[in-house]
Amino acid sequence: MLPTTNHNPAFNLTRASHVSLSVTDLERSRDFYRDVAGLVVTRETDNAIYLRGLEEASHHSLVLELAKEAKALYIGLRVRTDDDITAAEKFFKENNIEHRRVEKDYQGPTLQFRDPVGTWMELTSSMDVVDRKMQQFNEFVAGAPQRLDHYQVVTYDVQTATDFWTGLGMRMSEYTAKDGTDELWGTWMEVKGNTHDLVFTNGRGPRLHHFAYAVPDGASLIHAADVAGALGFGDEIDRGPGRHGISNALFLYLRDPDQHRIELFNTHYQFIDLETPPIRWDVSNPRRAQLWGMPASRRWFFEASEFPGEEVHEPLLQANPDTLEDYLGIH
Amino acid sequence: MLPTTNHNPAFNLTRASHVSLSVTDLERSRDFYRDVAGLVVTRETDNAIYLRGLEEASHHSLVLELAKEAKALYIGLRVRTDDDITAAEKFFKENNIEHRRVEKDYQGPTLQFRDPVGTWMELTSSMDVVDRKMQQFNEFVAGAPQRLDHYQVVTYDVQTATDFWTGLGMRMSEYTAKDGTDELWGTWMEVKGNTHDLVFTNGRGPRLHHFAYAVPDGASLIHAADVAGALGFGDEIDRGPGRHGISNALFLYLRDPDQHRIELFNTHYQFIDLETPPIRWDVSNPRRAQLWGMPASRRWFFEASEFPGEEVHEPLLQANPDTLEDYLGIH
Amino acid sequence: MLPTTNHNPAFNLTRASHVSLSVTDLERSRDFYRDVAGLVVTRETDNAIYLRGLEEASHHSLVLELAKEAKALYIGLRVRTDDDITAAEKFFKENNIEHRRVEKDYQGPTLQFRDPVGTWMELTSSMDVVDRKMQQFNEFVAGAPQRLDHYQVVTYDVQTATDFWTGLGMRMSEYTAKDGTDELWGTWMEVKGNTHDLVFTNGRGPRLHHFAYAVPDGASLIHAADVAGALGFGDEIDRGPGRHGISNALFLYLRDPDQHRIELFNTHYQFIDLETPPIRWDVSNPRRAQLWGMPASRRWFFEASEFPGEEVHEPLLQANPDTLEDYLGIH
Amino acid sequence: MLPTTNHNPAFNLTRASHVSLSVTDLERSRDFYRDVAGLVVTRETDNAIYLRGLEEASHHSLVLELAKEAKALYIGLRVRTDDDITAAEKFFKENNIEHRRVEKDYQGPTLQFRDPVGTWMELTSSMDVVDRKMQQFNEFVAGAPQRLDHYQVVTYDVQTATDFWTGLGMRMSEYTAKDGTDELWGTWMEVKGNTHDLVFTNGRGPRLHHFAYAVPDGASLIHAADVAGALGFGDEIDRGPGRHGISNALFLYLRDPDQHRIELFNTHYQFIDLETPPIRWDVSNPRRAQLWGMPASRRWFFEASEFPGEEVHEPLLQANPDTLEDYLGIH
């Protein structure tokens, strides 16, 4: 069933902003994100490394924390002001949504919560301001990722996730549905004016499928792949380069040393005007996954990062085994 | 003096959306915008041609109207809903701002007004929805412009213009000021979450300096220049390709057959978080105009399109003749 | 066993120049090569279509001939002068190599012959000169292929093929050999000063695996893929985009409506100086096939175009079934 | 008068290969060529630095020698074998051309000579082989120059220079001539199969105008300009980016700290077939200089590097002052 965006939400979300992952070897992960992905290291401590994209004025958009197991700790969104944090806290309390205030270095007021499908989220209203590196072209490395853009979460219940987030003001730009029905299989939702900040797709979840950084252009994407190949990570490209039908992104997916997945992508489109309807794709339409290009690997389809302590559930909607291969775009 | 953004404006602006120009030969101008600039023709009538960028779902972002004289007729912004048009009308009435309701084909409720420095603007809340062409890659021409992005207006009074527009909720991302003072020489203001929707620069005004379309990447920009050269418009590039210090845009400026100016550009950055201060540039710093590249031509600096019936005034702030060449970036 | 280039060959080869294919539907094939591959049509007759790359001053580099069966008719090389045709004829006669003089429209003196592994070749010393289109940027379509560059032939006997062609002055730039041996599995041979004009790889042959056109850059390659997707040929990309280890080419392979294969590629390197040794790759090294990128499809490995009347032989060297998957780069 | 290429020259030239410059501060020049131009340092000594392009297997293509004055010392060409050095020596002796055998580190037999218009040249038949870096994509810097490609020399007598070099087997691909006459103003000559290895243009000479490295694509060219801007060399771009009519090159010219000029360029075309005539351009045709783009600076037209001890002569052909501006493409 198509969701309805709440245009007067309880608080104001503004964008996808930061993600935190636990990793089992800090140096190895830092080397990957700095040299292969091309991010900038803002700060290193004994237990954590803070990174950001080249154009970002915020202290961090990726936080790596040392741990015994590799997990997706939470994914972060910005709210407009400190008052929005207060309003969010009130909303979660009133709606029995698990949440907690946390103190975070380099961040303003911060609130973590668990959405109805078990995704762990973190809201903050500000971060320490650092230099934008976007004109230090001599420091551009690999794909030269400019900024964190969006997340994709695998969930066992796309409808519930979508209802919740559109209730908080997100708007659906594109979606997949079971052929001839309104059963949602994947929803692309945005709050910042282009196609997506947060995506939910049907599958065993909750698990973080990937987080994505925008790169300047297709040439950067190819250079990223070339650098990955040169540094021994050619086999860790588990999809792409290719062009998604959904969102029109030119994409490349890479696995980090703990098998967390980062997407580098380019070219999605503006989505602001309210009269524009979302684009619908049948799940059975292979062009939704890619307009061209080699099919994704099975690793891309079936592997993702779990959240600590969150049980993974089988999806409520099951794919027809007869069309699963098509659904996956695996030929 | 630095302006203060009004975060609770009288009505909600959302983005730069459409511009209308009068031209003296419709076919000649259509050929230019379709074949040299690469826009899509949505509709042609005897007196007007409606064009749009490849990804745009709105009926038009450029309207060419046949007339005896080439003028900038108005520049358009979107508001969120029909209620915002009503609220805007009320605001203009209360503040003695010249305005008029107009009926426009293919547009929802529409309101034109004259800002305090004589810029003619048009607000609308919706447009007829048409197909996005962004995946018809076989129809991409020249720079493959995807969407209208922003305007630059030359004004005799940057401070007044900036105060007015920040009062309507726009936010300044970058600015130039006379060295060692707070005297504003140029202001880049945005409402859609990247560096600018509307720019005012000091000079004889009001005049429309240019309107800008975003292209996919640097390769598109070079292809646009190559196509312009092949079609005999190589001499109508009056600046670029180059990289602006301000906004970090990779740019190319072209003059149409009536000498209206269109910019094709790529790569400006996200500007959403409220804690991020605007970037200040001294007017005497040549890097503000370009990080590299050949200086702009005198045509680029001194020529622009007038608005019908609007007297052009000398700027209130005068350049020091000793530094004018530097100011202009002409060596 | 490594071959020895004959630096005083019987006649002077200069470059890969033209290929002829039979196709079962002329219009359908013309549309593919013009609109999806981006070639220029020089001339159409009832039975044949002549095409060329955008920069080529020669009348044709691809000839499509209407027939009931789709075959590779011959692949063409240029010799320096008419005298070289005479010298070649003499050489073939003396060495009992099957050959025939033919009259060809738009070509100078022309000689066809069958090499020792059954590849059908055509030599000519000149062609009618036509306009180079390289500065008609407004006519660039899809990948904007500039010129024919090389061929890859599948053969049952790489050693014999390599010995023959190096005896005619070709020089090996790179090769694959069975691990720890001198058994040649693939040889890249050139005469024009970069990595290859003619490639032989081990397999069921003789069959033409592909012919390749050089495109201006990586952006062109991506645009070619996007256009293929838009025109319904996304599934006919049977490999790429990716980066070959051998020759360092950035590549994209497309199948035409008769399943002939065309490669669009960019970036191979200069190979002129005699002191530079060929680069050796173990067949078991997957990086030879691609530094990164999704593995090739089985179609890419096992399908190729036969020559009319030439029996296809099983390869003399057989892959170890245990390493075949690695050899193929199929994971 | 159009020259005639000697197809049986006294010895076999193969390509432009290496250039030597004296510079006044070795470290400063090394930093420029490594960090701004993107070349690889092969070796540093107290008095000299050897650099090469990323794909080059030869020890050096640029040699910087420490001296009190910045000069162009010589420009280098390769010959095929050691026998060609012997044949060249014999030829120069018989034709009273000043020459000398020299011992050079890392080079095979080496012969320097002075051509009839005072250009100092160096021939060698081999160099020490080093690793090609073309697949170390993580070491690509700035424009990622792959290989030395050609030279442009300003001469007082284009006809004499052209006659001499075509007599040695070079072939003219394009030329400029005074309108309506056969008076040569500029000649583009090649030996390696694309448009030029050696260019002579009319002016005060002999002086080395520039040496050129090929970069992978237009994106690399823009990145080179961005890096130059970031490192403070934005003002040392004295022409470009733009597209030459002659040779179809996409170009960027940079001045080093001693004001030697390096060109980074992309996309010239194959020139092998003997039936293809050279392309003629009237000197008064501004499209010969650029199909589009801002006009070159006066620095680009009038400044060049002198050879030690060589007197600079006024050109035999004088520009008509009425058309000089057009000739220069300065508007």
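Going by the order they are written in, the chains are A, B, C and D; count residues from 1 in each one.
Definition applied: a residue touches a chain if its C-beta (ideal position, glycine included) is under 8 Å from a C-beta of that chain, and two chains touch if they have at least 3 such contacts.
As the structure is a computational prediction, the values presented were derived from the model and not from experiment.
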{"item": "Pair of chains joined by more contacts [C-beta pairs], C-D or B-D", "value": "C-D"}
{"item": "Farthest-lying chain, centroid of Cα atoms versus that of chain A", "value": "D"}
{"item": "Euclidean distance of C-alpha centroids - chain B vs chain D, Å", "value": "42"}
{"item": "Computed distance of Cα centres, chain D from chain A, in Å", "value": "49"}
{"item": "Centre-to-centre distance between chain D and chain C (centres being mean Cα positions), rounded to whole Å", "value": "32"}
{"item": "Two or more partner chains touched - positions in chain D", "value": "135, 217-219, 226, 229-230, 291"}
{"item": "Chain A residues within the chain B interface of the complex", "value": "14-15, 55, 57-58, 78, 80-81, 108, 126-127, 129, 132, 134-135, 146-147, 192-193, 216-219, 245, 248, 266-267, 269-270, 272-277, 291"}
{"item": "Contact footprint of chain C on chain A as seen in their complex", "value": "217-219, 222, 225-226, 228-230, 233-234, 237, 239-241, 243, 250, 287, 290-295, 297"}
{"item": "Footprint of chain B on chain C - complex, ascending", "value": "35, 135-138, 140-142, 217, 219-220, 223, 226-227, 229-231"}
